[in-house]
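One chain, chain A, appears in both complexes that follow, with chain B as partner in the first and chain C in the second.
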Partner chain A sequence: MSVSENTKNLIVPGDLLTCAKENQTIDILGQGIYLSFENHLYNSNKIYPTNVGIENYTTKNNKNIANIDYNSKRYIPQQGDYVIATVTNNYATHFVCTLNNFSSTVNLPYANFPQATKKNRPKYENGDLVYCRVKVVDSDLPAELECMDSETGNKEGFGLLEAEKGKHTAILNCSLAYCRELLFNDKGFPLLSDMVKKNLSFEVAIGINGSIWISTGSLLETLCVYKILSKCEKAERNLHAQIIEDTIKEYIKE
Partner chain B sequence: MTNLKYSVLPNLDGSCELSTSNSKVITAVSGPLEPKQRHRLPLQSAIEVVIKPSFGMGPTPREVLMQDKLATVLQAVIVTELYPRKLVQVNAQILESPFDEFGSMMGNSFNEILSPMIDLNSCFNSSFISLCDSAIALKSSFVSTLLGVTEDKLINIAEVSDLDLLRSFNFKSLHHIVLEVEENKPTNVLLLDSQGDFNDDDLVNVLDNAQKITQKEFQNIRNILKDKVSQDFIWKA
Partner chain C sequence: MAKDLVITNTERQFILDLLANSQRLDGRKSLLQQRDLNINITPNRYGDIYLELKRDDGSIATRLHCKVTAEIVKPKDQRPFEGTFYINCEFNGLAGLNFENYKVGNNSDEFYYGRLIESMILRSNALDLEQLCIVAGLKVWNIRVDVHVLEFDGGFLELASIGCMTALLHYRRPDVTVRNEKVTIHSFDEKEGVKLGVLHIPIALQFNLFPLKEAAEIIKTNTSSENNNELVVLDCTLKEDLLKDGEFIIALNKNREIVQLNKPGGIPISASKIVEFSHMALPIIEETTNKILKAIDIDEKKRNKYAHLLSAENDRYVE
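Right, the complex of A and B next:
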């Protein structure tokens, strides 16, 4: 399904959702849809679309899910999301991190690291990038991050994003929908696999908060990957192969 | 003819540049942000509106009045409960106003009244696109219209292209109307700000016409939003 076909069901705030029109039962409301709370028992309350985007209905485990697909730049923490956080401060029990410039800060407690003890505290400095997951979101508290899988206690690839010796790294800021697609939909959107197929070797960490961290063996390769990812965000799908080829030619094979 | 350009400022969450035949503004929306302590509301988000004039230092009292009007409407439209203790910041910079030229206040006593109304009308429409661009939750859409009543005619001021023509009109009254749009139809009056001499019939006539203009203008805005959504997902297509 291409998006251009789908823009027929464009939803603008104030519109009536198809599910409301056809009186469908929706079990889970996703992003972009808001249930008003005029009535505390939640019966006969209105559901509004709150964002401009495309209606999307799916059924998972016999539950109807409705959401609106939209793109944005500012990330709002949601439980279970993989994010790249920047350490901005540290206290006796936790680091203070930011996920977005000028957004509310989030906390990364020392206890949420693998093999955490009272004496064994991670030594991160301000400005370090950490790949972690949002553990708890409470509307009255700052969101809490974790650097491990809290069920198994394993590291699971989380932790400090640092350049190994001889490596070059960069961080790229993209729109949120693009990051989501790159991270979760490699089969339907094989941009990263296509880059690897062209003999580009790189390490990548994608945060849902709109940051992509890249690490490669040389400065030119880093620039090349950076350029491809930022150019493809603004180009149609069928041009991506050409962009990859051109950029590799420009930066690596003169 | 209203000309709208979305996402003109890449580093901000949402932005829009609006130009009509006689005015030009650029608006930007950032949010939800971490507010200062004095802006922090326990159960809803604070809305901060800053409007900068086309020349000189600002916001002057002229712009402060415009800010207050814009803020009251935004308060009704933004789903503030979704972002408790956060701040939504709306900035507007007026780029061109039809009364910018030095000495233009002379002659027509309506200029002083008309010029902020024209600017505010543009700020309203532009800030709606900016809010949509920034993905801040909105309850409904809104469209703003500015109508002038002369002895025998009703004039949509945003469509008067010639400045001399605009000055030549002898307006009896001016009406700035912001209508809430639900399901492509105007449903509710969010702001009605009138200046001058008018009676009931004039106002009913103005509201009738404003509904028609709103409906037409909303189709234009819808097309722009459709274009925006397909541009947002251009890498997917």
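Right, the complex of A and C next:
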């Protein structure tokens, strides 16, 4: 790969991407990059940046991946994303869910659950949270979610996020880049590990659509974790340790 | 039509559990604690007020803009000696994605609370309308207050009532002289503006009620025997506001006069609670009134920096 993985330029919409400058073929496009189909027949498609951010190149299994790191609060579904959806309605064939407040709805068909039959359909209520994956994205149709690994047919940890008996749960909405950092970059952004080191025990599910689901044993602990996560979103990395300590002191005094 | 904020079951349960334990999601430690109020008066203008509610971490929760304007109109036929007064409340798209532009009335909140404040001011005679008369039956002043919500996280009623009263107290209309039914309006350069006749300062306060039991259960059991069926919360955030089950609105002034009481639906409360709420409201209203008067006082001093130089009065020793 001629474009090295260390290329980290600030890209503004209208700029040429470094890979486009150097005629590098990209196999997988990540967020923030748009593929234009203007010359589809001649196989000379162009890629353009759609967001302001830092360009990022990686190679995995001999496939070149490009994406732009940017932050926003608006989630646009992309295939293969792990998300936390809220059920808002149900029909004969599918649930209607939202991934973001005020955004367009997505569908979660009953067929996309493990061991789905016509009679065996999941009983979710409106307002329930479901951990699932984006299966199909189409520009003209609502995106489709799935609650299983469609290759194996197993549950793979997807499903309803509900409070077990005696547990308290909360849901936190935050920015997309923060969720990505928490989910994929535990080495460079070890906030969750730092919290565990301070003897906070909690269960967490992070959706890439900007939702974090928390479950702990007591109400104050849940509030404490909620507060730490929401405060650290806006604070710099070197202040996180202090925030964790202060918040624990504030809510859990022992 | 704009979509509403979706509150998930998890969040609902979490917020209600927190309230039952006297905790708030935005970091307040008591159900009766209110957020910090900031009153900013725009310099070089009359009756142009920005109000802010600040969270504990310093970010702005709700921001409001109140502006008074006056124009000369023909009075109503039934009341030829009185000026007119109108409040226009607007939540626009700026305040959040759940609001739409130019659609007053589809959101019941702004319409309902706007009317409430207008009737609070008019029926208690807080604004003297007879002073607004220029020529009886022909020309009176029409005072209009525009309330715009710029950022919204609950607490609209209190802020709007504070904003309206501050703006009315601060506003000066141009002076007019009438000679042989010929009306001359003087600009501010010619003659100092005339303050509006604000006779007292009523301020509304909303007590939000959250049920501790199911509503049907409360109606079945005798309400008078049990007093603690509900949680009382002051200054709700937007999410708490969506989860509440009833409200009690009281408008008071500093002189211990109840101007308005309103209990539209929701869970039932016992009659003795009304007296309790009034007593709870009084110190809060007093504090707010002092804040308003102080903000206006500070602004007045800034405007009249050179007043003591121009005055012919002698300095007096004041003990």
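Note that the second predicted complex is superposed on the first by the 228 of 254 C-alpha atoms of A that agree within 3 Å, B and C clash if a C-alpha of one lies under 4 Å from a C-alpha of the other, contacts with A are read in each partner's own complex, and residues count from 1 in each chain.
Just so it is clear, a residue touches a chain if its C-beta (ideal position, glycine included) is under 8 Å from a C-beta of that chain, and two chains touch if they have at least 3 such contacts.
The shown structure was predicted, so the numbers you read here are calculated from the model rather than taken from an experiment.
Colleague: For A:102, decide between first (touching chain B), second (touching chain C), both and neither.
Modeller: both
Colleague: Examine A:125 and indicate which partner it touches, taking first as chain B and second as chain C; both and neither are also allowed.
Modeller: The answer is second: A:125 touches chain C but not chain B.
Colleague: Which of the two partners, first being chain B and second being chain C, lies in contact with A:34: first, second, both, or neither?
Modeller: Touch partner of A:34: chain B, not chain C.
Colleague: In the overlay, work out which of chain B or chain C sits against more residues of chain A.
Modeller: Larger number of chain A residues touched: B.
Colleague: State whether A:246 touches chain B only (first), chain C only (second), both chains, or neither.
Modeller: So A:246 meets neither chain B nor chain C here.
Colleague: Of the partners chain B and chain C, which touch A:235 in the superposed model: first, second, both, neither?
Modeller: Touch partner of A:235: chain B, not chain C.
Colleague: Counting only touches as set out at the top, which of chain B and chain C does A:76 meet: first, second, both, neither?
Modeller: first
Colleague: Touch test for A:139: chain B only (first), chain C only (second), both, or neither?
Modeller: first
Colleague: Answer with first, second, both or neither: which of chain B and chain C does A:170 touch in the superposed model?
Modeller: second
Colleague: Can you give me the overlap between the chain B contact set and the chain C contact set on chain A?
Modeller: 102
Colleague: Sort out for me which residues of chain C touch chain A in the complex.
Modeller: It comes out as residues 2-3, 5-14, 17-18, 21, 23, 25, 27, 57, 97-98.
Colleague: What part of chain A is in contact with chain B in the complex they form?
Modeller: 2-4, 7, 10, 12-16, 34, 37, 48, 50-54, 69-74, 76, 102-105, 139-140, 175, 177-178, 181, 189, 191, 232-237, 240
Colleague: Mind listing the chain B positions that touch chain A in their complex?
Modeller: 12-14, 30-34, 77, 79, 81-82, 84-86, 132, 134-135, 137-141, 180-184, 222, 225-226, 228-230, 232-237
Colleague: Can you name the residues of chain A that touch chain C in the complex?
Modeller: 86, 88, 98, 101-102, 125, 127-129, 161-163, 168-171, 213, 219-220, 222-223, 226-227, 231
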